[in-house]
Amino acid sequence: MIKAGIVGGTGYTGVELLRLLVKHPQVDVTVITSRAEAGIKVADMYPSLRGHIDLAFSEPDVDVLGELDVVFFATPHGVAQNLMPSLMKTNARIIDLSADFRIRDTALWERWYNQKHGCPELVAHAVYGLPETNREAIRSAKLIACPGCYPTATQLGFLPLIENNLVDPARLISNAASGASGAGRQAKIDNLLTEITDSFKAYGVAGHRHLPEIEQGLRDVQPAGSTPAQLTFVPHLLPMIRGIHATLYATLLKGNQAPDLQSLYEQRYANEPFVDVLPAGEMPQTRTVKGSNVCRISVFRPQDRDTVVVLSAIDNLTKGASGQAVQNMNIMFGFDEKAGLDVVALLP
Amino acid sequence: MIKAGIVGGTGYTGVELLRLLVKHPQVDVTVITSRAEAGIKVADMYPSLRGHIDLAFSEPDVDVLGELDVVFFATPHGVAQNLMPSLMKTNARIIDLSADFRIRDTALWERWYNQKHGCPELVAHAVYGLPETNREAIRSAKLIACPGCYPTATQLGFLPLIENNLVDPARLISNAASGASGAGRQAKIDNLLTEITDSFKAYGVAGHRHLPEIEQGLRDVQPAGSTPAQLTFVPHLLPMIRGIHATLYATLLKGNQAPDLQSLYEQRYANEPFVDVLPAGEMPQTRTVKGSNVCRISVFRPQDRDTVVVLSAIDNLTKGASGQAVQNMNIMFGFDEKAGLDVVALLP
Amino acid sequence: MIKAGIVGGTGYTGVELLRLLVKHPQVDVTVITSRAEAGIKVADMYPSLRGHIDLAFSEPDVDVLGELDVVFFATPHGVAQNLMPSLMKTNARIIDLSADFRIRDTALWERWYNQKHGCPELVAHAVYGLPETNREAIRSAKLIACPGCYPTATQLGFLPLIENNLVDPARLISNAASGASGAGRQAKIDNLLTEITDSFKAYGVAGHRHLPEIEQGLRDVQPAGSTPAQLTFVPHLLPMIRGIHATLYATLLKGNQAPDLQSLYEQRYANEPFVDVLPAGEMPQTRTVKGSNVCRISVFRPQDRDTVVVLSAIDNLTKGASGQAVQNMNIMFGFDEKAGLDVVALLP
Amino acid sequence: MIKAGIVGGTGYTGVELLRLLVKHPQVDVTVITSRAEAGIKVADMYPSLRGHIDLAFSEPDVDVLGELDVVFFATPHGVAQNLMPSLMKTNARIIDLSADFRIRDTALWERWYNQKHGCPELVAHAVYGLPETNREAIRSAKLIACPGCYPTATQLGFLPLIENNLVDPARLISNAASGASGAGRQAKIDNLLTEITDSFKAYGVAGHRHLPEIEQGLRDVQPAGSTPAQLTFVPHLLPMIRGIHATLYATLLKGNQAPDLQSLYEQRYANEPFVDVLPAGEMPQTRTVKGSNVCRISVFRPQDRDTVVVLSAIDNLTKGASGQAVQNMNIMFGFDEKAGLDVVALLP
């Protein structure tokens, strides 16, 4: 059993981490912090956890966190980077679910997040926690930067095309939609049921913070010498709680000699425990991954034209955040990669 | 490991049984039947189960079912009673999730279900599978009649009051609301999203089939000599998938000497693994039991008047159907009563 | 054409008033106030109004408001009472949608609303704006206190029983459920889509502010000498935007000689333009009143026992607030009572 | 007053036509047909219409329909084409909301709709009823083929770009999402609330029947000599009732000299009563057009790259079907184009 702590446990990625970790056979959650709720029992805030955990929120304390085996940050961006310099000196390994260490180009990060980075010197130490591209580096990482939800769905959908240089990298499109939990547990009018249920909209069309993260991830897997991947990314808000669905478009470079896309995808993900390529012709639904860590993917070439359409569905709180964090932890500590994550999606 | 089969596995209680049983440490599901879908893989119909089960639907066959340790019926009413005479002669133990064996008075059953009963002689052999009142009889039962969803929520809410004769048994009210999965997976216009989302309604006010079942259950626990419990039951349809919430009303017999209701409830359910009495003043939400087998209960006495209000919330597919069936199985086979059921509700 | 103003137009009752008034043939909305949004165009905040209104929010100014024919208050409680002393001196007639003037017993109001009343001397001048009981007084009123949403649905459902002294007034129950717009447009975590969609709960069981208002209204229509009406009121929150559904329970005083309830209801409301008694056996759905000012009602006597069940459905923003306010205005100014309100509910 | 009839009035486009026509100042609906429901009162099926219409469904009869001024077909495809040969001989003008006469190339129609066309000789007589491109032809048309919902949203979004040859016509993408009412009122498991709420999916990726209709419409407005427009069209299903949102992607032909897209759109639609170009930077939400005939549009050029993104939102039952049909009728009969359609969207 390893000891785990969660910094910033009151948000939705925090309670999702708890849902998964309290049933994990090799993990004991011993610390969960929240300045605002210090002293409150977790199960009083989230009654779904009544009977499963007896812990109360506490003030974050680096000395306490440093004694743990693993510390998860489930905080808004800008928080982890402040504790990181001191925490990196302890023996704890760190999995940051926020955006603080995802982008290697600090100037780029500062432009998109509109603030100075708190510890640019540590950014290079972070390993981007997408197991499907980075498993070996994750194994020995001290600090993991867990991917964003849209970046996970989009990268997993594009990988086989990009790695094999099959499509025009300058004309990539990710048209994605997310459940409202992606906006977190924040008291904003924009997130009220009355404002967003029974409606649908795009947002952040002019520029969303996940764009540079996705472009970085795609460029990392392009064959040497390729034109750097360029993405048009349009996120949308769904009137539901959980789920991300990305509809990806790319233009085949040489239409006629294109490979069998179905086989390409099946082979690429044959050994991935959490990527499920659907049988040809089937399309993923977010409900088939609700509460599960699986990404389900389909690939199409409509009318045999040269536009490829990829569909990719995840639960934004699980594979898009907390489940992926646990998957990273499993890899880091040599556990079965599916430990604590082998759950069936809740359907219906 | 025991071998389990499911008859009629294509409905929502069927897929919910599978969700729970494929992760149960002591159960191997080896047969799942459906006349209509015979030959189809379960995971092709319910992609949430991809990677978790490789079984295909088969035609129901008593010889095959009779070789199993336990057979679940997840069929509409009227089906189990046809197979039961032959199945009762085998060694299999049977857990019927349908209404076929819930009501001991066959004439009453036939009036409410508007058809002849197929094997009235077996009705007396059935044990009503509400563990909170019937655990001992369940242990050795050959045939379990699993309670309905509304009856589970309503009985658990009323039990402490009725068992102790604290309220007027002739003036009980259950105002209950259910998610749409309670209507099953049937191609009816009444169940279309376009007909029932973004709206709310009562139904079956003049008489719902769960009424005689609830009255029977309440009368079974009344002290000898009491006026037989009489219930006004009004079900409502919620624009969501899972969850039952019952708001119960009863009139205290002697207002002033009434016991401390909070303590009464806490003590009654202190040893029940799946009934959670909330702290005084808190109210249950169905989301805190989504996908879990727990019933959360609160009790109130507004304005200190003589009307008691009890709130009771379950997941209709779990504690209201398939989870309760698994709980019965655990009791019957001497497993830990929480085996396979110790899951955290999916929140948010 | 009369000139109308709206104080506090940024909330949901404000935008609903605008939806109705901009199409009203005899009304010109010339002022809409909001301290927080002064200078912002209404249609920039509510794009549904683009092309229908060109007005911008302004600071509230009694001199300006006093020049109008009618002023609506669509403010939280506690606001109208501050402007009222000066506004009552002008020629404007006032329709207050808030709770400030609904309860005649100021001490009772102060207890439930937990604050001092700002102008107790004016409370007696207010006419309770439920046209179905108060039409004559409304006609000449200077100040209307528009009923709350739950009180409207509950009173209209109970009226025929209470006015005729047919049921035990000490055992009334209103089990009601509301869409989330009833909580207003406030940035609270409790109202986030992620917190309340896909779930159902009761709230305010120990005591809700609409309870004293409903009891006052019912007592006002009881025959002289009756035991004062006493209500158990349990509100619930529905995972949808608009709609209130009240399920009412009452005990018939003399079961055998009870009148034909269906006829009783049909006759009581035969001349009411906005109360629709459904054919016997049908049950109202909130979707059939979505966006309309109609209250649809059904009455049942299940199993011919002595408990009467009444179902009453309204749109909480229309008949439960802004539509009723317009209905009051129509009566006050001698317009056709249906002017501007004769819209078909949006179904599906 | 003209006399109008509706063939096939039991579906959602039928009830939406009624919602609009019963309030239209110049139309009297005197016939509504349904073989299945003949004899049933419309308001018994759709209680939202109680008090607004007293008509009952009748068997369709060409002699009766032929006496009317206008006949709407709100039927599934394949129905209108059977009645059309005889109806075209009468004086009635016809507005067909189905797909029967939308595609001029009958062979293409037959391939996509997988059946023989019932009266190919009449196809050339039909005028495609998109007022924004075809107003003059509509004025004198005998038979209108009303556009599909996705085609309306997609064409209105692309028009200014295509008419001015600004983008590569071979690389158009329409990523669209529709509420469930788009699937009609059909008893199919795929449309149950339990199957589609709280989830999101693409469908028809390999080929959807609206694709050839959209391509035909776009090619019709291309400048002479252009490469014929080619579209990748991916529809998605939203967990809500009403609303279509199309996110359109196109590649600018000459990035640097591109015109001011905002002005281009504003000017193109300056005189269109039902197309609303939002202020620069704002994004449409389907809720702002719920129940209204307006299409709200935004245009973006993210990161100043050469991909243009257009957002287009309509109510699929109003501007996407019945509202557009009424708009066509208004044009045909010389009424004010906004008559009966000048309603405010229901928000919240």
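By letter and in written order, the chains are A, B, C and D; residue numbering begins at 1 in each of them.
Here is the rule we use: a contact is a pair of C-beta atoms (placed from the backbone, for glycine too) under 8 Å apart; a residue touches a chain by one contact, two chains touch by 3 or more.
On a predicted model such as this, the values are computed, not experimentally measured, just so you know.
Of all residue numbers used at the contact between subunit A and subunit D, over half are used by both chains, marking a mostly same-residue interface. Interface comparison, A-C versus A-B: the pair with the greater number of contacting C-beta pairs is A-B.
Averaging C-alpha coordinates per chain places the centre of subunit A 46 Å away from that of subunit C. Distance from the subunit A centre to the subunit D centre is 38 Å, each centre being the mean of its Cα atoms.
The geometric centre of subunit A is 37 Å away from that of subunit B, both derived from CA atoms.
Touching of two or more other chains is recorded for residues 12, 181, 185, 194-195, 197-198, 239-242, 284-285, 287, 290, 348 of subunit C.
Within the complex formed with subunit B, the residues of subunit C that make contact are 171, 173, 175, 177, 194-195, 197-203, 205-207, 230, 232-234, 236, 238-243, 245, 247, 249, 251, 281, 283-287, 290, 298, 300, 302-303, 305, 307, 309, 311, 313, 348. Per the touch definition, subunit D reaches subunit C in the complex via residues 12, 15, 18-19, 22-23, 44, 46-52, 181, 185, 198, 241-242, 276, 278-279, 282, 284-285, 287-292, 294, 296, 317, 342-348. Residues 12, 180-181, 183, 185-189, 191-198, 239-241 of subunit A are the ones touching subunit C in the complex.
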